[in-house]
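What follows is a group of structures, each given as structure tokens.
Each of the two complexes below includes chain A, the first together with chain B, the second together with chain C.
Let's look at the complex of A and B:
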């Protein structure tokens, strides 16, 4: 894979247009689309963004993000009033803070262990962490209830999404934009630049006096915080959390979203999440029934094939395809003037 | 290396506490202790068979085969399907859904599905390597992503074909269910004799292959320096295909053993991917001896934690997964590359 990370300035006009469109979306689309596609894509994007942040700027492809968001989601669901789980009934905002603190601390612990390994080792260790979190919540039914934790209380700000999905949509939108600005801003700070140095040349950074492991661990903690945000958003969205919703399949789904969108561009998280939510919801209508191999019930096969094709053909994901198209357009102009210079499309 | 001494002391202290704890528990009920230990050993044997394939592939090619768990489960399902299709004597052919525990199978009814399924999984492994991984050699992340995609597809197809109900492969009727060991301990024959025995045989065979054959020599050289091996004029592609064949076969073979000893159900692919990961992370990637040590550690920890995590009246066996986690973290904290791991 070729990490072509954008460290350039934010494309403010583009961001403004996208956010404006998203804010106006409720006027155009139906409630169903708003809930099932847009709101879902926004929080899935936050989860994928925590993965992409680590991959793009830290060179660490972490599969622990779903484990961490599960920790946050379970903590939140246990702390507030809900059916199943512990009997605590905190104020939802306090529970939110509690969930984020727990997720960040667990993330720092995971990061401390995993940050000393690199590349594919890191991937495997974080995958093991994520699956262990899943097994932990499957086993410990005092925390996860027997059928998950249901009817989780939401903060008053969200109202009751069943009747009016708008408040929840806007809260999710604001959080997603905040996460995007935070992470892309962070990449331009001294810490973010140091992290990219650690990614490219760990030995040189060490020689310059950087504590490489600490840098990686802190980045992992930040990503864990973001994953925690996604976890709480997911509970707000589903109003429940079960061990089954944080299993390996979900871990892979978040990875798929990140890869489909583009593993090396932050905005790819939401592009991938939107594509995923659209495929998830509408594929059942147009996918042909081919025996028992393919059909409406075989969503995982479809998304697996899409994932496979993206990995095989465009390592940069959808954002990578877009960049490639733009680059070849830009190259074409001088090549016309020069005459004969070949244009290489990838 | 002064920083290592406190770690070593801490490690020894933890080991001493664990051993002491086990001695106290064993003194309470010795017979139970023997059974639990045997359970752990047979689990370890199964983990070793599966994880040795995983570590073999990684050691030579630096390919993390995330579809290894899927190959394990598919191997089991294939053997089950073959057993029911070829060896079911009476007219129950149309109804493969019902768990036909009534039907009795001869020795061939278990062995032939085992061999065919193992071979088929080996061939599937070669196909995966040749079609998807061969031209991505060296891009380890991309290869991992490809095998993840394949595991998603294979897992979903298995769900479609074999359903979500837990099934198991029948043992030959001529085999006893359990045997009486000295000290009046009853233990399952299949677990104790077949699984443990075949793991030992496989370990020995792998050791001989790696140490004594030309293929093994190339594999060992390849683990140390792949580029040099190919520069010496050895057909690396053929060796890679061979290693993938062997590694996938081990997953398939493990699947048949596991499908007979435990069960076949969706989710077992995840479980055995995790087990293989933990075994090789503990033991050190690419090391066969490490896989053996890692499998023994994981198997025993699993078995002991499932039974002995009771303190007085409080039953903490629900939290047994934390002990597995602690094992992983403990090893990684002291040796980030695993017990026998060497930097790539």
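Let's look at the complex of A and C:
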């Protein structure tokens, strides 16, 4: 499936309904589901959205997003009061800003290097970056503490999530919606359209006078900012961060989420994250025992199979399945297209 | 129109997804509720729900079944349970404590990262509604679960076999209990042995670069330096390293000995490469931590390690009747292969943890409604005899075990299976976590440079070790 240039309007009614459903979710589901499935899916979705933004509009499949959110998460955890790390005891909001600034700067600097490469080389260089961040924090124990940074202080707004998870859920929801609006809005600006031009025809764009490397670097910086947001949200969610939270397995998980959801559509980030969180949690009880091949302990096998099936059947992910269904519906009922044209004409 | 059509179609799909999500939540609620009511009917007095947490993925994934076998065997022995299948993870049936039914709500599986351990803890405690939990397995996980415990004072946690010192010494959650020695305690007796028996004055240490080896090697440093020894070089290799040659070449020649704290598959590579680089493994000037007499390590490279000494809280060759009973109980329940891992600290830690939990629950008549009482009871629990076949266990004020540790030597194969044997020669009585004040809540946690090598008052067991010989009897 080839990515398309986004010029269409945002599907506001869809967004409204989804947000409404998400806002009403606490009435229906219990605290555990709210925490472990919905809140987690929302912040994982933000992380995956930063990857999808780069992949869909910039043609850059980046494995650096976990490294970048690790930088933000570790920065935040070190700046506020916590057990382990440097525990600088800043105001949490100030620490949030500090973490985002650091992640964005690191992202810009790294993007400046990575933006010169493409395809598999881009993939490798970004993977190397994530591995580098992981080893940096594993080795520099003054920053990552002994056994990670624990009991990280949260902003007062979030209250005490252990007693009442609602404030944290709503904050995460608002941030996720904000990220979605920002990224989809950005893709429709001159910058976003230029980025999509760079994705499809870098040589022509260069001939038109665009600074292709700068364009890609800036896109990388924006994605780093979003990844930074995800990093801070992850620390708010886990209340801790360890080098293990940002290891290679997590890097792959974020890629899997993006691919399962749909690598070419921003919505895919959250669809994939929700699917992932559901499988991650419930497969530990539901999966039947099939010899030593499959069983509740084989959660990774199941995710791997889902990943394979998605890649083979619908390269556009779950969202792509819907696109496919819609396309075949349209072919079967050409009258709709005629109706559409007339309405657009009026 | 096309755009409009597209949006409404999307509305449908997302709404459907959201409903699926909500539906899952409801299902879970239903099944959870159903489980509780049916068991309540059968016992009349409510069910004690235990959550179990170990690792089935990651570096320690292969210890999943052995850890379960330890916990289950305690339930079989002290709570009248029966194995529900051939594999330990098939569960147990018919367990009763103080007349109440006991149910293991789920065998939780983490992957040695703190995040996954906490997610599984949440699933066990919040989704499966467990009253108490036993676990986790690995260092960083233990610190995270102890912190989780601190935030949930109305629930009770008994550690599985996570050995990082901080979990009890620093976190000090009043509802987190560890009924086995930590990683530093497992090294007790080796500093004394090196200085006074082997005559080492200076030593180097080498280990994996993460929390457990820091703790494990710190026990040696604390004891060896307190007596008067000097640790002149500390070498750390990244966990999962395969090529140790550059680290082996960093080992100085002008030291009397080397303490090796490399674990698992890394140790096998280390020994092979050491042999290639230096001709032979000079075990007469080498000590190893808890991994050295691991059955797998002995099988692969044991012949090269003959002559080396190591220490831990179990002794495979012990002839104590209680040890024999423990191994027989394991074998009766799960067969020879699993029972062969009985002396592994992984199986044994979960066994003593579950045994202590059962004793604590018995002391409060199985009442888990007010867990303050259960926590008070657990703090006073001591284990002896068949409850803790390798030596009595009691807790200190941080709810950390004070227990015996054994110093062992790897010797040539005597029983004809081609794998070198372990010969225990010393029992270090009542090892406590503080090493006579070297470790306290205020001292820096063990890391690459801590604890500092300082001469001081040696821990109380130095000079009080008891020579043992299981082979002569």
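Annotations
The definition used in the following text is that the second predicted complex is superposed on the first by the 327 of 346 C-alpha atoms of A that agree within 3 Å, B and C clash if a C-alpha of one lies under 4 Å from a C-alpha of the other, contacts with A are read in each partner's own complex, and residues count from 1 in each chain.
Here is the rule we go by: a residue touches a chain if its C-beta (ideal position, glycine included) is under 8 Å from a C-beta of that chain, and two chains touch if they have at least 3 such contacts.
It should be emphasised that the depicted structure is a prediction, and the values quoted were computed from it without experimental measurement.
Bringing the complexes onto one copy of chain A puts chain B in a clash with chain C. By the touch criterion stated above, A:284 is placed in contact with chain C alone, chain B being left untouched.
Legend: residue contacts after superposition of the two complexes on their common chain; A:308 is shown touching chain B, with no touch to chain C.
In the superposed model, more residues of chain A are touched by C than by the other of chain B and chain C. In the superposed model, A:331 makes contact with neither chain B nor chain C.
In the superposition on chain A, A:139 makes contact with both chain B and chain C. When the shared chain is aligned, chain C comes close enough to touch A:22, but chain B does not.
In the overlay built on the shared chain, the residue A:300 is in contact with chain B and with chain C. By the touch criterion defined above, A:11 reaches chain C but does not reach chain B.
Of the stretches 1-9, 163-171 or 235-243 listed for chain B, only 163-171 runs into chain C once the two complexes are overlaid on chain A. Where the contact sets of chain A with chain B and with chain C meet, they give residues 135, 139, 141, 247, 249, 297, 299-300.
Contacts from chain A toward chain C in the complex involve residues 8-9, 11-14, 17-18, 21-22, 25, 28-33, 35-38, 83, 135, 138-139, 141, 146-148, 150-151, 162, 238, 240, 242, 244-245, 247, 249, 267, 271, 274, 278, 280-282, 284-285, 296-297, 299-300, 322, 326, 336-337, 339-344.
Across the complex, chain A is touched by residues 62, 64, 132, 139-142, 144-146, 148-153, 155-157, 159-161, 270, 273-274, 277-278, 280-281, 285, 318-322, 324-325, 328-329, 332-333, 336-337 of chain B. By the touch rule above, chain C contacts chain A in their complex via residues 1-11, 13-15, 17-18, 21-22, 24-26, 28-29, 56-57, 64, 89, 106, 108-109, 111-115, 118-119, 122-123, 126-127, 139-140, 142-144, 147, 150-152, 164, 166, 170-171, 209-211, 214, 238-239, 445-448.
The residues of chain A lying in touch with chain B in their complex are 1, 61, 113-114, 116-117, 119-121, 123-125, 127-128, 131-132, 135-136, 139-142, 247-249, 252, 255-256, 259, 292-293, 297-301, 303-305, 307-308, 311-312, 315.
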